[in-house]
Every structure is written in structure tokens, then in C-alpha cells.
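Look for subunit A in each of the two complexes below; its partner is subunit B in the first and subunit C in the second.
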Partner chain A sequence: MSIAVPQTMNKALEPFLIIVGSLMVSMVLFGVFVALAGADPFEVYQTMYRAAFGTTFSWQNTLIRAAPLMLTALCTALPGHLGLIIIGGEGAVVMGGLFAAIAALAIQTAPPMVVLVTMALVGMAAGGLWLTIGGALRHYRAVNETISSLLLNYIAIALLNHLVTSTFRDPESLNHPSTHHIGEANMIGAIPGTDLHWGLVFGIVACVIAWFLMHHTVFGFASQIAGGNVRAAQIAGLPVGRLILIICLVAGAAGGLAGMVEVAAIHGRANDTLNANYGYAGILVAFVARNNPLAIIPVAVLLGGIRASSGLLQRSHELPDATVLVMQGIIFLVILFSETLYGRFSRLQKQEVS
Partner chain B sequence: MEAGWWGVLIAVLGGAIRIGTPFLFVSLGECLTEKSGRINLGLEGTLVMGAMTGYAVSLHSGSPWLGVLCAGLAGMMLGALHSWLCSFQRVNDIAVGIAMMLFGTGLAFFLGKPYIQPSAPQLPSIDLGGWSDIPQLKAALQINALFLVGIAMAIALGWMLNNTAWGLKVRVVGENADAARALGLPVDRIRILSTAQGGFLAGIGGSYLSLYYPFNWSEGLSSGQGLMAVALVIFARWQPLWCLWVSLLWGGAAALGPSLQSVGITGGYYIFNAIPYIMTLAVMIITCSPRRTLVGVPHELTVTR
Partner chain C sequence: MTDGAPPDLQALGITKRFGPLTALKEVNFRLRSSRFHALLGENGAGKSTLVKCIMGYYHSDAGTILLDQQPVTIRNPRDAQTFGIGMVYQQFTLIPNMTILENLVISKAKLNSIINWQEEEFQLTEFMEKMPFKVPLSARVSSLAAGEKQKVEILKQLALQNRILILDEPTSVLTPQEADEVLGHLRAMTLARQLSVLIITHKLREVAAFADEVTVLRKGQCVGSGQVSELKISQMAEMMVGSEVTVKPKHRTVLSKKVPKLVLQDIRVKDDIGVEVVRGLHLTIHEGEIVGVAGVSGNGQRELIEVLAGQRRAVAGTIRVQGQPFQPTREKIMQHKMCCLPEEPLQNTCVGRMTVSENLAFRNFDVEPHAVGGWLISRPALRRSAFELIERYNIKPPYPDIPIQSLSGGNVQRAVLARELSAEVEILIIANPCFGLDFLATEEIRLQIVAARNRGTAVLLISEDLDEILELSDRTVVMFNGQLVYETASSGADLAIIGRHMTGDTT
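Take a look at the complex of A and B:
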């Protein structure tokens, strides 16, 4: 029995150490990169820390960016449990925001609470159905889900641009075609005592629910099995197709909710600002968190902080705003490389145990 | 009105060549990579990086052709990085492709910031329409030399894959890595070389975007061509010459929106622009099947599993 304790500890410790190690290696590589670009890496990191976590204001800035990342990370993380690599979060955000705005405009005069609940439901349905297309094509037609979900992002953006420049265009939005404003009364307010809107709470609650669903229900257990070995799952009689569709629906609903929050808490209307790359950054969050919904929360805060520091980096170090994109790319590559390290320290573990 | 519709047809044909050329290079690059059994989704990033490099080098050196070469070399390095990472155990090539897409575009935007304003020397075009009096036809037949290079590449690549020892090695590695290892072939090295060469071609495709058409460097330059190439190759059944026809088809589809706009049909502009994506998705739905493998697929490819 005494052997079991260190083993379970190692099981949780190994990913933690590898991920933290990967992030540190990424920081060194990025430091070399900015040094080559002519900036002092230590000052750059100091600036980033100040801009992301230094003051109450910067914390708020970070958390506002982290909220949609938590939701879009679920778009990749949940299907990831089934072994699918779906990167259609951007499309889910766009569709969710677009249809949430359209729904709000249809019932604008209803009580604000009714409008908001309708927006959330419609947005989640739109995002969920959009992401499910990729999952359904995978299951019924064996179409690669990574490529189809990415193509669907482009199609969603085209649909958004088409609808906000034609049927749903507010004639007053001249330079920046948008839908009509949903009305100030229908906007999501701030969490009392802060400048943060409720999107952050939605994100955290969604991650906790997703964690419970995947790790503490029969449904989640079935999904883990199907993700490990589809054949075995089918022989065991698990409805693999239904699992794929439901998981994609839930994952897309999270993305759709992110789009709804963007409209209802920030822009007040749907336009091409919905296409703010939260979907793509969410993929990175999901990979760093190794698809664990609870781990998504801190990783999203970290990445939200990195993205929040972009402006200050530009002003104080004359680094272009794409600097944070390079940093994200480096982290992503190092994290994927670290997959090869798992199990390499097993000899070390066994020696500790015996 | 009749002349207007002829105009649309000619514009679509011209567009097929003009917009199809980058598709051709990227799909040839992807074709070679996939023949060796790897999939590189990161060619979207390679394309953008190639566009930036080509533009910057052309601006500094005054020679657009040197720009094309350097764009190819930049693409080669990204391809080599992709396949080097993938050669480690348990590193997923599709996931690395997504990361390379973000890394390549991020790096290109970072390095390319100073080049958004100035204008670099353009690649020259060859006038094949001198015999015609119709201005639209003349414009459509202004063909860039890179298109002809692309045709030559498609023919050469097809020949080399089928008739040379090198081509056979690439195909064996792509069909069955274990068999290749049993034959003593260096599987990882062949894949790294193939992916790097594929990246070279994709980088050239990127330089076409910035140095010929649309001829500028901006952050919105590429619009998923690198990604669609993956589906194009499936449609072309991993045959380089078919990549040529399919690229022309996609170029024509992408030219449809702007061509219709020129005769006054402006409604649905964004929808027309989405045609290539919709077509790509439709092709994948039609050609893929859960019950059989694709015709001509290299069996090591994870994309079809």
C-alpha cells in the first residue's frame, strides 16, 4: 500500500513539472528572441509582469481577456478527451455572438433579464451546432476534424460579414458595418465592486462544470474510454457517435457563450470585432492545460496576462504588437515538444518507490 | 450585356492563373510532405513568412527574384523545424502544424512590421496576350513567370516521385515506415528533407502573394491558402500534376466574386469570397468515407486515420 501513494503523487506531479519546465524553457527562448530584436529580456519580462499582474487595474485587464479564453479553450479541450483535435473555437465565438445579437434585436423590448437569458441560450445553441458540424463530419464521413473546423471558422466569418453588411446592417454604422445596438438596458453589467463584467464568472463556472462532467460522471468516463480506444469503446457498446456529437455541442456552446458575452458585455452589437482571435489563443490554452478543464482557469489567466501586456510592450520597448504572438507560438511549440518527455523519468520514479 | 458575361468568364480564367499560382506552390509542397507520410498544417504560417521574407529581401536588394529565393529558404527552415519536432516520439504532427501556423504568422508579423508601408520591386510578368485586341483578355494573359515555374515543378515533381530512386524512397517512407526501416532507410531524415523541401515550395508561394498578386505586404495577406492546400492535395489524390488543375479550379472559384463585382453584381460579396472554403469542405465531404481509405493515400498519413 505504501507504494501507491508516491505513484499517484508522481502521476499528478509529472505533468505539472513538465508543463512548468516547458514554460520556463519557453521564457528562455523568448528572452533570446527579444534580445536578438534589441530589447533587454529582463526589462521586457518586468514590463510584462507589471502590465499583466502589477496593479489592480492590470489584473482587471488580464482577467477580462482571460474570460473568453476559458470558454474558447473548452472548444478544443472537451473534444480532446475523445482524441479529436478541433480548432473551431473562433467560428463558435463568431456564430454565438452573431446570433445572440440577432436574438436580442428580435425581442429588444422584453425585460432585460429575459433578453440576456435568450441571448445566452441562442448564442450557445449557435456555437454548439456550428462546432458539431465538424464532429458530425468526422463521425459520419471520416472528414478530418481539424481541417473542417478550421474551414468552418472562415465560413463563419464570411457569414458574419455578409449578414452585418446586408440584412442586419445598422445604416448608421458607416465605416464599420455592424448590427443595431442591443440597447444599453440589455447589456451585462459589472460584477459589483469591480470593473469586471460577468463573463469571468461564466468562464470559471463553465470550466468547473466541464471538469465535473468529464471526471465525475458516467458520460465523462465513457468519453475517456472512447478517446483512449475507439474500437474498445464500440465493442463495449458505447455510443461513440452520440458521445462525439454531445461533446462537440457542449464545447461549441462554451464558445458561443464567449461570443454572446463579447456582444452583451463589451460591443453591444455584432460586427467583425468578434473575430478577435480568442478562438485561436484558446487552442493554446487547451494544449498547455492538457485538456484538463480546471487547469484551463490558471492557464487562461496567464495567457490573458501575456496578451494584456502587448500594449505596454509596444509603448515602452518599441516591440511590435505581434511580439505576444511570437511568444504564444514559442510556448505552443515547446509544450508540444514536451509530450515526448512523458514517461522518460519513469526509471527515476521506480527507484524512488522501491 | 453579352460582352459583360464574356468579361466575367475571361476574368475568372485570368483569376484562375493569378490566384491559383500560390495554391499551386503550396499544394505541391504539401503533396511532397504528405507523400513522405507527414501532414504539415503549418504551411499557412510558412506562406505568410515567405510573403514577408520575399517582400523584405526584394525591398532591400532591389531584386524580386532574390526575394523569391529567400522566401523559399525561410519556408524551408520552418518546414525543417516542423518535421524535426515531429520526429520525436508522441509529438503529433497535426498539433505541431497548428502551432507552426501561429508561430509562423506571429514571426512574420513581428519581423514584417517595418515593411507594411514601403513598396518593393515587383516580379515581372510575361505578356502572352499581345495578339489580342480585347483588353480583358490581354490583362488575363499577363502571366507571371512563377506560374510557368510552377507548371514545370508540377511535372518535374510528378516525374521524380514516380521514376527516381529518391521518389521511391519518399513513397516507401510514406506508405509504410516499418518496411522502410527494415530496408535500412533513414525514415526521419527522409521526412525532414521532404517537409523542408515542401516548406521551400510553400515559401515561394508566399512570395508570389507579396511580390506579384495582390502585391503588398500586410497582415491580412494570406487567407487560408496554406490550409486549403491540405484539402487540395486530397482532391488531387497526391498527384503533383493534378495539383495544377485543382489549383486552377480554386483560383477560378476565388476570382468569381471580384469578377461578378466588375459587372455590377455586388450582393453577397462575402459569400462569394467564401466559395473556396465551402468548395474545400464539400470536396472533403465527398471524397472521404468512413468505410474505405482514399484512393492514392500514403498510408502513414494521420489525416486519414
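Take a look at the complex of A and C:
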């Protein structure tokens, strides 16, 4: 079909142009902000590039930060296919990390492989069930899923703080209440030949699986129908409620896995460092990637790079630590605004094609 | 109303392309002052595109618009309004939770920052005095019947001082009586030289009864125009479809035994605000039988359809399908071979942004060959099936990879029909299947429905078009106030008695 080709190209081109355009506008706005803060924007961008992608070391630093973002972005992107706006990634990470650590402590003496697999499964289950609460409230009680998933984040963080300061507290963690360490033997290793831990592989594999699930399976097709028009899904007899619960479970499991990786690869214990805003940054990644699981991978790397450059910005330009968060916020706002641009250029594009 | 006759509107050589499609090709059209002009054509013939070009909603690729012989540039609908051209769209544009007064006031082009409601009400009351039909200004739009809403839409345009009124299928949402009333008023205003009317319609009866002139479009080209008084209905229909139309008498087979397929007992359904609108309904439909449910809309028909479509739960009663309890799950629907053609197919049974081929597969995407091994979607298989259905049901344009929302209304309806009827069907639930469709498409769809009946399908047909019910159904029942109040064999049915029951008059 010769006619179908330009149409599909248009379909892919529009979001690409709008997103690249939004990122450029964000860079200009952030540049103005940096200039007002007394630094040279061009130098700042150079520094950011060096800090994020300039050297092998900075690449590794970037990728380590990108790994959890890929997983937490799925917390928002997957339910997005069903028309749900879920922002509970932070809660899923916290619950996944907390229960993964508790599980590891319970079977600490088992072979490391068994401990790790158990941690992953328990973490995914905890994160998955946590988001499913939001999905269930939505389906059975018509509670707005955006608000409930946001509130669930606070409950998860409170639960974490409660448990690490009481039942599961390591008495030696004096000024930073934490669980006991899961044991060095049980830590997840690095990918051979690099300083990168396996979380990156988990993230990429999860995104590819999610993409395949949504675009090439019966489940994904049914989700597309239910997400596009509930009435059509009902006439087709699709179990809309079950789809919502399953997709929340899968999405939350991705977040839970991110929490497990944080514990098993970096901290070795569960404490409030789990609540490092990876969940919220994941929302941004999902928005920029327009819920496309494959697009999440490069977007997560980009945002990981921005976050990785924070330290160097502080040191070489005397900008405050939170500067990169300002940039993140600016990108978020501009991307949200850019949602209003879809379809506005379609006429222009169609004329170009003809 | 300002003085003088409405301006003469001409469109010369209008050409409009959408990508590779040419929707209009050098169309010439003239709406003379104070005439009632009908624009006829099949679905996709370019009628809506032409009026949207006149309204400035689309920009034509070539051609000019003349008002009183002077070329004018209409860049957008607001421009059209300054030239006194107003349009009433197919769907209502009123804000339901506001009163008529509020709706009329906010539609004004220029609004003061502070609205003097007393003054506005006074002016509009004065304006209403001069209008041939009245609506209560203080009524909330959501409480109005469709016919009243359409009147408000028209009044809104008149209150804006528009002298040329374009109406896009204004009667598709009205009962025949309401349609006659509204069109009659418009007709009177053209006769009084207050207004020029351009109406897009499929209903040849309305054209013959109300219009002075007619222009017929086919495939984006003007194929004929003339005085209605000099044309016969069959000639107009011939211009529309390009060949003499014959309504084929539908062949019906008679089945020897009566097997009940769909049994409804004491069904009770509540609407969105909790009012019981279906109140103890009993109905049995047999194999090879079409049962037509007649009635004025708003008597519980929509909620009944929604229950059978799985979109709403009945609060009481039992539904048995082929002897088994009805459950709207995918497995049961497939097992019962139960299909559904609700009204407004794009909103009700399609996902607009998904492609035609995907939409065509909603019933069978999860079985072979579309789902390899029951879980892996095969896009090539979807497209192959889509091409087959597109060809068999003549869906235009024949591209499986475009979003279904880019198809015209009739073609969406064809696509849904293709999806629902392509496999074996035991029970068919249909609501207003020919709503807003042209002659040929209507005839096609009715033939398909009767053909399904002849194969043994039990058909429940809910329609606001009594002629359609009497033409298609074996038995006619009348629904009033949530109950079936009258039943008769369709052949030889007494229209007067049916009409009385439709309005609840049983004395």
C-alpha cells in the first residue's frame, strides 16, 4: 500500500518532532535560569555533557542512574495504555526494596543465587500488589487512580520508615535507621568487564518485554481496545477490570524490581535512600516516551545523564545541587504543555505529503 | 431580523484534496436568496466537505465563494458568521447543564466582560416573539427532547443575525413529527424572505416536501441540480447513486418450528442517574425471526440495548440465550454467537485511533489465525482478513492501516457490520442500523439483516424509524415507559394503533 506509508511516517514523525522541539525549548528555558543564577549556560551544557556522556566513567554513572528509571517509567507507561494515569512508581520501588530486603534477611544463609531470585520475586510481588491496590480502587470503587497511587506513595514511605526504625532495625545503624545488611555474598554483581550492575540489563529487558507484550500479544491488543474505548471493550466482552488489575500488577512489578536492585546492588539494606525520587522521575520518562516502552530506554539514559551531571555542576559552576531538578521540572512542564500541540500540525504535514 | 433579502451565495469550482484523496472536484453550487436548497449525496460524496469549505472550516485548494456576486474570503467559521452564514451541525453543540438563555448568550461573537443578564434576557425574549417557534428560555438544555434542542440550535444561529443557514443532517436526531415541524418553520421563514436554507440530508421525502431546489453530489462532483418541483424522487435517487434504484422486496423464508433463542423475563434496568427506565420487560425472540421494537426514543430502549451489549447491568430479571443464562463475557458471547450493532458505532464499538484492520478484528483477534498459539498477534493475518472484509463489504477508502475515525459515518457502519456479520451469528441485537446512512447503504444493510434472519438468526431490532421496523420485522412490539405495551404481526399492522401506543394513549 503506497498510500499507507506516508500516513504511518506522519504518525511516527509528529511525536518525534514535538518531543525533540520540547526538549530544545526546555534547554533554552533552563539556560535562562542558569544565566540568572550567574553561570554561563553554554559552559553549563558542556559540563553536563562531559559529566553525563564524556567519558567511560561518566557513561557508567549515567547508565547506573538510567537503570531504575527504565523500570519506574514502566509503572506509568503500562497503565497508560489502558488510559490510566498512575504515578505510584515511588511506592512500588519502596515496597519492592523493603520486602526484598526482608526476604533476603529471612533466608540469608541460603545459596546467593536462591537469595537473589527470592528477593527479585518478592520485590516484584510487593511492588505489583502495591500498584494493584490503586487499580482495584479504580475498578471496584471508581476512585481516581492518579490520586490514590500518589497517596499510596506516602503510605509506602511511611511504612518503610516505620519498619526500619522498629521491627527490622539494625541497632548499629545509628543515625541512618536501616535494616540489617543482606550480606556481601548476596549482593548482585557487576556486568563482567564493567562497573555496571545487572540492574541495567533488567531495565532494558523489561522494556523490551513490555513493548512486546503491548504490541504483539492478545493481552496488549485487548488493552488497546479497553484503553481506547471502554464501551467497545464491553461489547467485545473483554474483562476490563481484569485487564486493569493485571496491567497494574505488571507495572508495579517493574517498580518493585527497581527497588530490589537498589537494595541488592547498591545499598545492601533497605532504608530511606530507596525513596530517591526514581519513581517520580520515571513518570517524566514515561511522559516523554509517550508510554512507548522502547522509547523509554533512550529517554531514561538521557534523564540519567542529567541526574548524573549534578555533582560536577555543583563543583565547577557553584550551582546548587537541586539545579538538575529544576531542569527536570522544566522538561516536565514543557512536555505537558506540548501535549496540546498534537494534531495542530497535522494539516501542514498532510499537505507536505501530497 | 435585519431588512432585505438574504444574500445570494455561490461556490465556483471548489476543489478540496485530503492527501491523496480528492474529496471535491470543481464543484459549482448556488444558493439563491430566500430559497430552501437541499444538498443530496451518498456517504462520502463530499457534502459535508463542501459546506465546511463554505464555512471556512476547511480551506479549498481551488475555487471561489461569491456573496451577491462579490468574491469573499472566509478563513474560519467566525468569518462566515460576519457574512451572516451560520451552520447547525449534525451533533448538538449546546452545553447541556446550562439554560437556553445562557447558551444563546455565550454564543454571541462579542460578549461584554460583565454580562447584564436582565438586559440579555429582555433582548432575547423580544427576539423570541418574532420567531415562528418558541422555546422556554429558562429551561435547562439537558431537560429538552432532541427536537427542542435542534430548535435551540437553529434559534442560536438566527439570534446571531445569520441570514444563510446551513444544516448538516438536522433531522437525523429527530422523530418524523419533530422533523416536519422544524423543517416546516424553516420553510415558512424562507417563504417570508427572511432566510436562505441549505440542508444536507439523505431523506428524499423531506427534500420533496420542503425544498425548492436540489443539488446532487456524487464522488466529490456535482452530478445534477434543479427545481424540486420538476424532479421525481426516483430521478434524485438515480442521480445520487448513479443508477436506477429499486427497493428489492426482501425474500423471506418461513421456518417450520419456533425455537426460542433469546428470552427476556421481567427485566429491570436503571439509567445513569438511578431512575428505573426499563420496568419489567418480557420478550421472547425465536429462531429466524426479526422482532422490531418501536417507540419514541427515551423510553428505555437505549438502556435495554446496553444491557444486551454488556455495557450495563440489569438490576433484576433473567436473560436466557439459547436456554442458557446470559453473561456478557467474551467466552459466552462467542459461544452464543451473539452480535451487536448499536447506534453511533464509532463511539460505541470502535476505537477511533486504532486502524481499520484492528477494529475489524475486535471479535476474533484472540483466535487463530489472528492469534498465533492463542497469544501472539499476527499483523499480516489481521491485514489479510481486513482486505477480505473491506472488499466484501465495500468499505471506502480501502486502506486497512488508516485510523477508523478517518472514515465517513457510513463506512464506519459498514466496517462494524462486516465485523459483526462476517462470522456465524445466532442472535443479533441492532439499534437504529441505518441512522444517517444513504439510500444504497441503508438498502444494503437491511438486506444483510434479512439475510441473517433467513439463515435462522434471531434478530432484535430497536429503531426510531417505524417504516424500517415494519419493513424488516416479523413481529412489532411497542415500548413505552420501560415496558412493552403492544404487540402485533408486522404485515397488516395498524399504524394508528401503533402510534397511539407509542405515545402511551391506550384508551
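Basically, the second predicted complex is superposed on the first by the 353 of 354 C-alpha atoms of A that agree within 3 Å, B and C clash if a C-alpha of one lies under 4 Å from a C-alpha of the other, contacts with A are read in each partner's own complex, and residues count from 1 in each chain.
The criterion applied here is as follows: a residue touches a chain if its C-beta (ideal position, glycine included) is under 8 Å from a C-beta of that chain, and two chains touch if they have at least 3 such contacts.
Everything numeric here is computed off the predicted structure, so don't read it as measured data.
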item	value
Touched partner set for A:His176, first subunit B, second subunit C, both or neither	neither
First, second, both or neither for A:Leu152, with subunit B first and subunit C second	first
Touched partner set for A:Arg242, first subunit B, second subunit C, both or neither	neither
Superposition-derived comparison: subunit B or subunit C, residues of subunit A touched	B
Partner chain in contact with A:Phe332 - subunit B first, subunit C second, else both or neither	first
Which of subunit B and subunit C A:Arg315 touches, first, second, both or neither	neither
Which superposed partner A:Ile225 touches (first subunit B, second subunit C, both, neither)	second
List of subunit A residues in touch with subunit C within their complex	1, 3-4, 6-8, 215-222, 224-225, 228-229, 231-232, 234-239, 350, 353-354
Of subunit B, residues touching subunit A in the complex	41, 81, 85, 88-92, 94-96, 98-100, 102-107, 109-110, 113, 223-224, 227-228, 230-231, 267-271, 273-274, 277-278, 280-281, 284-285, 288-290, 303-304
Complex contact set, residues of subunit A against subunit B	37, 85, 87, 137, 139-144, 146-148, 150-152, 154-155, 158-159, 161-162, 165-166, 280, 283-284, 287, 320, 322-323, 325-326, 328-330, 332-333, 336-337, 339-340, 342
For the subunit C and subunit A complex, residues of the former touching the latter	17-20, 309-311, 328-334, 340, 342, 347-354, 358, 361-363, 365-366, 371, 374-377, 399-402
